[in-house]
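Paired with chain B in one complex and with chain C in the other, chain A is shared by the two complexes that follow.
The block that comes next holds the complex of A and B.
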């Protein structure tokens, strides 16, 4: 089992970050009723973990008996859409990106109606069932609009839990119909605490882990607990030791490959500002994009890399440029153009 | 001297006069005397009647010629009679119809295909007309064409594949070819095209009855079915009906073959009837899904583009006939712009006729040409008061492939000559691209088509920014190619995207598709509990990176670490299979075994990073556990497998590894700097494997090449 899986808290009681939030969730889950939830927060903060803990609190261990189901819906008379979703005895879990573009509205309508119009047959503590929608901020406007009415109409038999990175792409009517729960990214102390606990269980010594190692992992994780755990596991897996694995300050944390490439790009930008350099960098951008590194993550990471390397007088204009081009990448679909334009802009700023 | 000139209406070459005896023309003078006009040596003879036209001696060609002569005489009479009335007709008939070839020899275009179609029909002649079998064996000049005949083992000498499929782009004359050839061969044509209702019923009623029942047409000729546009609106029932016809014919043929007779008129049961008439199918796209099942039963002719020369001659002839003057250049550009589509050429010729005597040159509208043109200033052909920019906008609009143009501009602008101050132009180009994207979004997602004309201006901006009089056409492209060549020279192991800079975008897209599919596999293998944790993008940047850093680890690994890594990989359900690859090593090709994982981890790797070879980590263990029932390839037996296996034992120190974690690992890792082929000579064993390791080595598929190899040969030395 991967550590992210093995040491993920299973119940509300096990949650060890954000105690305030956990208390609120507890009182929600153990009360008679549950409102629709909109759980949002950055990646790796523990949104999913919290949602599954809530489900566990609602339905007990049976919430964990999930299976993958593939279904087909007739989108139009002639066109059939096939998609997969995770089905548990009391809940459904779906991800818009698995549904395919332009299909999410139809699927959500069909699925929710189907679910809402049939009553709970298995014995459970609650009358309603839960639909978890991951990446709810990627739902199309149509799909979100389709949710509005159903959310109110079928409240007796259905609860929605939307999981999103930010609420900015969620339409207002939905926000007003849900209880919004923000899960903040864990800070250094929280991450260290979790890492130390895992290290103890995995017989890594010394515990607490050496400061510098923790700092390295933390820097790479970007306050993302999942990433931090994965890097710890990657760092430790290659170390010797049978019963006890010994780590030290000098233990290397393997850097993420794509991050290294972005660091290279940052260095190239700082070093030479010219059209030919731009061309060389273009190849690297293509490489990253082709390997499914999202352009927005590229620009964000690149920005942080650049900011550590430039004088403070240039920082504001670089940040402004990054914001501008990030926006453009999101609006348009030719991300390589905008990445190159951003690079040119940064070079332009640096030459001043 | 005054004599009636024997001319045929549809014969398009003045010299191409038909002969009775192949040496000249019998002409009748006004005084009633006949005399022979000797035929002049004709340079173009070969073009008109191809060398080795292997039907030349057959009865068929004689029939053709007889008929054509008869028709020619008839026509020449008709011409005189209707000279006046014909003129008024000109304006009402389409030239396409007026000049549609009426005889086999009038056809222009892909003559090989013409002959093939004719041969196909000729072969049916045995069955339909009772002609002697035409399959060539004896004719000496035919030998080179032997392969060109459809194959047959049929007692009735019908082609083995009973139907003929002609495919080719529109307007090349496929339908005309089929019609003319069938008519010439003496058939009455039964045409079914997309305008007819085509379901199983029609197929049964018309086609089936016509073909299976020895039907004779109204004209007393046997029927030949021409099914046009079969890739288009044909309903599946129709295809099914055709297949049924073939199937029933097959059954009937088998039967008659067994009896040994194969006589005409032999009747099977209702559901196995011999197919007695040829079927010709015509389509544009032979790869259409609807045709998948039919294709195995078809002889396939891919009809090629008519060469410009022939087409030019024909167009010139038509222009002469229609008394319009068009210069050769214009005609050529017309042919070029229509890409050899004869129908389109004729149509534009006819309907441009009123407007100008010379046709407007409106051809260089392909995206690449426009990209080339945009980098150049001051050379553009303008019309009337048009400025250079207006001309360019017009051309961009005419092209319509703005995405392609923008892509081309982006790929090539770094190689163009332009003056820039601190990359300001690149930044501005970025602004224009964004403008273009916003326009596009409005146009396509909000259906605001009024905005469409403005996209051309977003493209034109690049001309303002990067265009220069010092660029000439193609220069940026050539520069780009040069850079590519340079890059190739510098490095053997170059970045795959750089191999072809012009297509970098496309290459990247393709890579992305493979990566995406691996991602999907990868995700599918994860336990359901945690798939939700890794949404598509996290999967690569978090889990993918972790796996890669595990595999890319350069530290010496100990047994426990190895088993720990193996465990992680097993958790992720990455399967490993060996495959054979030919390794280039010092000019010698050595077979070698590499391991491939499913999902393929190579797909995750960034090209820029050092290329790691999937360690045969889990691989060996994985194979060991399965070695009892390994079957590589189904073509050889188990014994062969066993013999071709050579086991190698490696002794080193010994640490007991528990059975569960018995993952014998060695790393093969290659430094990128050292270059070489992907699974190159520099691969070396990374691990201090401290146990007996069993390596299975599959040396080829044949026992004949069995030989002993050393460890170093297998993995390369460090």
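The block that comes next holds the complex of A and C.
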């Protein structure tokens, strides 16, 4: 079991970051009524951990009793759609990206109606059931508009928990019908606290972990607790020792290999600005994409790498170019074009 | 359903015309028509949360009384299917119906004029075709049916329909009457608030009373729940902090910090600040709108710079709506803002 899963808090009592927020969630979960929730925050901040803890508080251990279910659904008379969702005794969990952008409206409406119109069979403390929608910011406008009415109509038997990275793409009427809960990413102290606790359990010495090692892990994690734990595990896994693992300030934290490739690309761009260089970089881009690194992550990481290496007078134009091509990747179709265009643009900026 | 679950917006919806907050002129005209027991076709328009729906519902209640209202008033809103078929069938059928008789008792207490009222809420979301189909229906059955269209944008209603209605414009609530209403609800619910909480609510809701009331209810729910579990939160006092969290407002200090950063072009510092803000979970659109408010009110920035920044803001908003990366887009915004400010 990965440490990330092994040490994930299971109940509201176990949550140890964001104490204010935990109090807030406790007060909601233990009162007899729960409003619709919109939980938002950056990835690795613990949104889902908190949602599952709330479900546990609502329904006890049976909330953990989930299975994956595959369903087919007639979108139109002639066309059938198949999708999978997680089903528990008292809740559904679905991810719109599994449903496809054109079907999510119909599927959500059908599912929610099905759930809302049948009452709870098994005994539970609450009359309502919960539908968790992950990545709610990727729901299409249509689907969100459809939720609007459903949320009001079925309030007696149904509560929605929307989980999203940001509220920017959620329409105003939904925001005003939900209680918004912000989950900020943990800061340095919180991450080190968790890392130290895990280190103690895993019998790594010395505890507390060396300052420099923590700093290295934190820098790589970008305030993402999941990534920090994975880094620590990766760093420790290459060290010898069965009973007691000893780490030091010089312990290397291996960076992800795709990051190294991007660093290389940044160096190449700065060294030579020519068409042939662009061709060489293109090969690397294809490599990254073939390894399933999302193009938008590439552009963001590349920007960070470039900014540490160029003179400050060039920085503004590079930032603007990055934002522009990121936008184009989002609305365009073929991301490699935009990655190349970005590279060419940066080369152009550097030359002048 | 236990009383706590009723949304306060519904619970405190005005049941009499006199209770409608502000909107002096409109209410005055309507009160006259109440005396005459006659109504024209009406078109209510204005920003959300200003009391359009409340006014027409209150008016109907005073005209017909609660019992008769069921058979005399048809209310349709955007969540109901309202294509051309519905206009042709349900609306037309209801418009054709003979007016039901009022009981002597009702007649004594209410004017009970001999017509029915069809309320089309959120009428700007009706298709052009559906509105077109309304034209003739409105005229044909005007003897026994009055229409009341409620919408945010009067320009989305086709001309032939607007020319058949008398128009009533609802203005944004002024601070005092909105505050008075919120305070009334607060005291009725036995809730205490820290100083400035109601002001903050109104500010966050941007003149939309409904939103402000919803926020107030969320805040009180949180505090009550906390108290029931024996936590050390005062159950009846709503604090500034919890309101700030519930409304999703970004603290002023963050926005001010951004503004200060744009005084010089220091990409690295800006990048760090943006990363922190995004990691703290603040939504970029919220930051954008508050940043806009701060820029516009700032007297230190010249008109030319403001103009250019406005263009920039519009582009950034577009990017965010298209789903561009929040961090990159915000970074772009601040860097460009700094460039513009350094030019002037």
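Going forward, the second predicted complex is superposed on the first by the 351 of 352 C-alpha atoms of A that agree within 3 Å, B and C clash if a C-alpha of one lies under 4 Å from a C-alpha of the other, contacts with A are read in each partner's own complex, and residues count from 1 in each chain.
We adopt the following convention: a contact is a pair of C-beta atoms (placed from the backbone, for glycine too) under 8 Å apart; a residue touches a chain by one contact, two chains touch by 3 or more.
Just so you know, these numbers come straight off a predicted model, no measurement behind them.
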Overlay on chain A: chain C relative to chain B, clash or fit: fit
Touched partner set for A:223, first chain B, second chain C, both or neither: second
Residue contacts with chain A in the superposition, chain B compared against chain C: B
Chain B versus chain C as contact partner of A:45, first or second or both or neither: second
Arrangement angle, chain B at one end, chain C at the other, chain A at the vertex (C-alpha, nearest 10°): 110
Touching partner for A:331 - first (chain B), second (chain C), both, neither: both
Nearest Cα pair across chain B and chain C, whole Å: 12
Residues of chain A at both interfaces, chain B in one complex, chain C in the other: 331
Partner chain A, residues of chain C touching it in the complex: 1-2, 4-5, 79, 210-211, 214, 218, 221-229, 231, 233, 245-248, 265-268, 271, 275, 278-286, 319-329, 331-332, 335-336, 338-339
Chain A - residues contacting chain C, complex: 23-24, 26-28, 30-33, 35, 40-42, 45, 148-149, 155-156, 166-169, 175-177, 179-185, 222-223, 296, 299-300, 303-304, 307, 312, 315-316, 319-320, 322-324, 326-327, 330-331
Residues of chain B defined as touching chain A within the complex: 406, 410, 414, 420, 422-424, 426-427, 429-431, 433-434, 437-438, 441, 495, 497-498, 504-505, 507-509, 511-512, 515-516, 519, 527-533, 535-538, 540-543, 545-546, 548-550, 552-553, 555, 557-558, 560-561, 564-565, 568, 571-572, 604-609
Chain A - residues contacting chain B, complex: 1-2, 4-5, 8, 43, 48, 52, 64, 66-68, 86, 93, 95, 97, 134-135, 224, 226-227, 230-231, 233-234, 236-242, 252, 254-261, 264, 273, 275-276, 278-279, 282-284, 286-294, 297, 325, 328, 331-334, 336-338, 340-342, 344-345, 347-348, 351-352
